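One chain, chain A, appears in both complexes that follow, with chain B as partner in the first and chain C in the second.
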Partner chain A sequence: MESLVLSKNKLPELINKISSEHILYGPTEENNYSSFKQILNFDEMNLSYLLSRVSPKSILFKQTETLFKFIPGRKGSVKSSEIPEEKSVIFAIRPCDARSFSILDGVFNGDYEDPFYISKRKNTVLIGLTCNKPEQNCFCTTFDDSPGSSKNLDILLTELNNNYLVEVVTEKGNNLLKNMRSLLKEASKEEIQERKEIEEHAISTINRKMNLEGIVPKLDKMFDHELWHNTAFKCIGCGICTFLCPTCHCFDMQDEGTLKEGARIRVWDSCMYPEYTHHASGHNPRPARMNRVRNRVYHKFSYFPKNEDVTACTGCARCIDYCPVNIDIIDVIDKVGAILIE
Partner chain B sequence: MVDQKLLVEEVKKIVSQEDVKYVIGYKKGTYGFAISPAFAYSPEYVDKFIFNPLCKKNLAVYPILEEKLPLKKGEKADTRKIGVIVKGCDSRALNQIIQEKGQKRENLVIIGIPCTGVIDQKKIISKFPNVTDYTDIEEKNGNYKISINGEVHNIPKEELLADFCTSCVAPNPVIYDILIGDEVEPWEPQEHNNLKELNEKTIEEKWAYWEEHFQRCIRCYACREACPLCYCKECMADMLTPQWIRRSVNLSENTAWNIMRAYHLAGRCVGCGECESVCPVNIPLMELNKQIENDVKEMFNYTAGMDVDEKPLFGMFRPDDPEEFIL
Partner chain C sequence: MNKNPYMPILATISSIKLESTGERPIKTFKMVLQDENARKNFSFLPGQFVMVSIFGTGESTFAISSSPTQKDYIEVSVLKYGKNTQALHQADVGDTVGLRGPYGNSFDVKGWEGKNILFIGGGIGQAPLRSVINYTLDNRDKYKNIDIIYGARTTKDLCYKDEFAEMKQRDDVQTHLSIDVEEEGWDEFVGFVPANLKRLNPSPKNTIALTCGPPIMIKFVLQNLEELGFTEEQIFTTLEMRMKCGIGICGRCNIGNTYVCIDGPVFSLKQLKKIEGDM
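This part shows the complex of A and B:
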């Protein structure tokens, strides 16, 4: 891994250079929160927020995706949507959000290969930004991740006193920076040390931790435990946790159109809605909030680890921060751990 | 300020009653300034109950959420009452629900708390980020006294007060079985936020304003779920035959959703502000609701949820109702 240095005042130049050749997504501020948007000019960006409100999964796995268009009837036809091929860059993505893509890869590039996700994933360079100041509910370290981890990134930037330390992690990252070498210089030993200290300091400020030991086999024995009823009792059944979550990926498919033309669309769905499992017969296998809250926990902490060998959680804490009724996933898993089962 | 001891004492008495299933109240949340709804089935659990200016959540949503699953053979329906702690606005929501026959008055034990306004979570978190522990929040002489890690901060009330509280018309519960503490002096309701400015805009400007807000709606329906008065068995947003609102998340469908919801709350919204405070993308939904509330007041001289014996606005007719909007 190559370590370079970018002076802070050169960042706008770097960004504008990238955006001239790529579709560049970066964090912007609007209405007092941060969201990833396409950036045309450096000034549109706001790097002061830790996390975007909605996770950047929405760039690779769009909330609404048109799969194909059709004309109904005997002489009808189907026209596939074009698979996006444009080169893009996600700038200032946090390490935890970058990790969510390696979790989502198992879903969209596993047994079933989703051409939309795969193409976007292949053509997107991830430039991360180290979290110098994690927030109170951050718990990425639970998953052997770190606020300064470069594991799932192509390039990682860390804000030092006067510069950014630029770590080029992958070949993809290296190619992106090819024409921008003049803006960068070799990092000194001190600068690499400073970056290390920043990461260590950030890790030391993370207060919360989830104890995952033995959770998968434990959950196998707890399907009918009263914990699920008690936890779900305060759930109001909104979709905030699932829609803000970087790893939630369930979707619904619908045909929308008129008698003359239509489109099959894929939209985010939420397992917190009763409608999510509502059968055409009228039967609902998850009739109560208890069934739905339990399913969300099991999907992330039991089924996913069993199928994909990884917990479907990054520790970003969005679900904790924005749950209107304080359903705290760390608290839930800790309770699972604390319950004694014969 | 509510006497904590009195609250716990009274709620314990209610939970102990044989005809009461559980009481819904507030307890400290799992981190920082978070507050969690709490359900007490036994008097011992009530020791966890608190009430402070952070207890914003409208608990009137819960009796409606109570799920009635099909009974097993030989099983009898549990008809015991549900106790619920309410502030002024929350009690108006209950009134409204009872008027609409969504709940039966005799199935509820209503524990009223006179309210002097609640703190906006978003405001306090931006003022004190990363607070892991606080001991207490007290309102004193127009200030909030907050003890964080042993340090006491005095913050002027208006800096943290939730916006919708300034336009509150009923700080004291309007329906209750028992009131904890003495009634508070109501304040002069103010015009909500920038509603006045918004009203001075042209129709095109207003449209542009709302387009800007609706285009970022992610349709998580948290506004609907948090609202005590959004309790239709099947929401029009979920209907498929016919499908009133398409699932595509775009400006057109988002606008349809938000405007239809606002209209369905006309003459029903009690101004508790839950929808706006839970919205993850900060859509100022209360501006819509307040405008409709003002219109309803002006046209029909009606305020939702003030009197349990009144009929719902759209469930009654007066010969002198205005008709100028009928074409």
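This part shows the complex of A and C:
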């Protein structure tokens, strides 16, 4: 891995250069929240937030996306389908959000390949930004991740006192920077040391930890436990945890259009809604909020580990930060761990 | 270019049969793929399902109710219930639908050669069983006794009446029909399907039992089969769940960590007992 430095006043030039050649997404400020948007100019970005409210999964797995177009009706037909081919760059993605893609890859490239996600994934360069100051609920270290991890990134930037340390992790990252070498210079030992200290300090400020030891077999014995009733009692079923979660991937498919033309659209869906599993016959396998809350916890912490060998959580803490009734997933898992089952 | 698994191929409805009337009408749609190559390449096994689209209305999941031995077309039997099934019921011969699939696993018809096959169906649940029934009848010499227990609420709700009448004329297949409540002119069993099963008292020896129907019927059929001495490995059922993608991505059809679309829809009772989840 190559370590370079970029002086802070050169960042706009780097960004503008990237955006002139690629579709560039970066964090912007919107209604006092951070939000990933397409960036044409450096000034549109706001790097002062730690995490965007909606995770950048929305770039590779769009909230609404056209799957194909059709001519509607009983004499209808399929018109066209376009798999996105555009080359893009996501700038200032946090290491935990980058990790969510490696978790989602298994879903979108399982028994069947989802070309919409996979094509964008292949054509997207991830430029990460180290979290110098993690927030109070962050717990990425639970998953052997770190605020300064470059593991799931193509390039990682770390803000130093005077410069950015630029680590080139993959060939994809190296190719992106090919025409921008003049902006960068070799990092000194001191600068590499400074970056190391920043990461170590950031890790030391993470106060929260989820104890995952033995949780998968424990959950196998707790399907009918009252904990799910108690947790669901508080839940208002708003679904915000699922929309903001970087590893939630459920979707609905709907036909939209006029009498002359239409499209089958996929839209983010949420397992927190009763309609999600409601059969046409009226039967619903998850009729109560308890069933839905339980399924969400099991999906992340039992089904995913069993099927994909990874816990479907990154420790970003969005579900904790934005839950209107303060359901705290770390507390829930800690309770699972603490309950005694004979 | 990547293949788009969400894009259906086109099929023409070549015939429509009204199977049952009344409040819960069922129609069987015969569908022929429009593209010749697609028609050649389309193959499936009994138990698999397809996604059928009416463009502009939506897409729904249906078990294929015809047998792969019936070449050049597939059939689905559709109970009119929601938005998409309503639109399908309004369709005419010659109309175009979209098809995706076949998806899911299947009944192990090859592995069951040399065995007795016992079918226990209820209502529209007969649709996936019909695929296996027609397959075994078309390969009649490969299987021993074939028994079909089938019931519905009323005579109006009974599906595939003509086919049952034909089977009654054959001496190499036994049918045992039932309706829930007494009706004038009905000379077969009156009562629920699980009760009919118990009454007939089939032997589990060298027999595979397949069941599909409403959840409550399946529950008691499974119980009764075990009481009759059938083992968990001899009993198979096919499950349904609400689906959107059909290919293991959209998330909703799980029972525990099992996804009905890719791990099912066919399960042995042995597998079923290991699954803990909302059904």
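Basically, the second predicted complex is superposed on the first by the 338 of 342 C-alpha atoms of A that agree within 3 Å, B and C clash if a C-alpha of one lies under 4 Å from a C-alpha of the other, contacts with A are read in each partner's own complex, and residues count from 1 in each chain.
Convention: a residue touches a chain if its C-beta (ideal position, glycine included) is under 8 Å from a C-beta of that chain, and two chains touch if they have at least 3 such contacts.
These figures come from a predicted structure and were not determined experimentally.
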{"item": "Clash or fit, chain B versus chain C on superposed chain A", "value": "fit"}
{"item": "Touched partner set for A:F108, first chain B, second chain C, both or neither", "value": "second"}
{"item": "Partner chain(s) touched by A:L340 [first = chain B, second = chain C, both, neither]", "value": "neither"}
{"item": "Touching partner for A:D252 - first (chain B), second (chain C), both, neither", "value": "both"}
{"item": "First, second, both or neither for A:G239, with chain B first and chain C second", "value": "first"}
{"item": "Touched chain A residues, chain B compared with chain C", "value": "C"}
{"item": "Contacts of A:M1 with chain B and chain C, given as first, second, both or neither", "value": "neither"}
{"item": "Vertex chain A angle, Cα centres of chain C and chain B, expressed to the nearest 10 degrees", "value": "90"}
{"item": "Touched partner set for A:Q136, first chain B, second chain C, both or neither", "value": "first"}
{"item": "Least C-alpha distance (whole Å) that remains between chain C and chain B when both complexes are overlaid", "value": "7"}
{"item": "Footprint overlap on chain A, where chain B in one structure and chain C in the other make contact", "value": "252, 254"}
{"item": "Complex contact set, residues of chain A against chain C", "value": "67-68, 70-78, 81, 83, 107-108, 110-115, 118-119, 220, 223, 249-255, 257, 262, 264, 266, 269, 271, 276-281, 283, 285-286, 291, 295, 298-299, 302-303, 306-307"}
{"item": "Chain C residues within the chain A interface of the complex", "value": "1-10, 53-60, 81-82, 84-85, 90-92, 95-96, 98, 215, 240-242, 244-245, 247-252, 254-257, 262, 276-279"}
{"item": "Residues of chain A defined as touching chain B within the complex", "value": "30-33, 35, 53-54, 63-64, 135-137, 207-208, 233-234, 236-240, 242-244, 252, 254, 256, 265, 267-268, 270, 273, 275, 287-289, 320, 322, 324-326, 328, 330-331"}
{"item": "Chain B - residues contacting chain A, complex", "value": "29-32, 34-39, 57, 61-62, 65, 67, 69, 122, 126, 129-132, 213, 216, 218-222, 224-226, 238, 246-250, 274, 277-278, 280-282"}
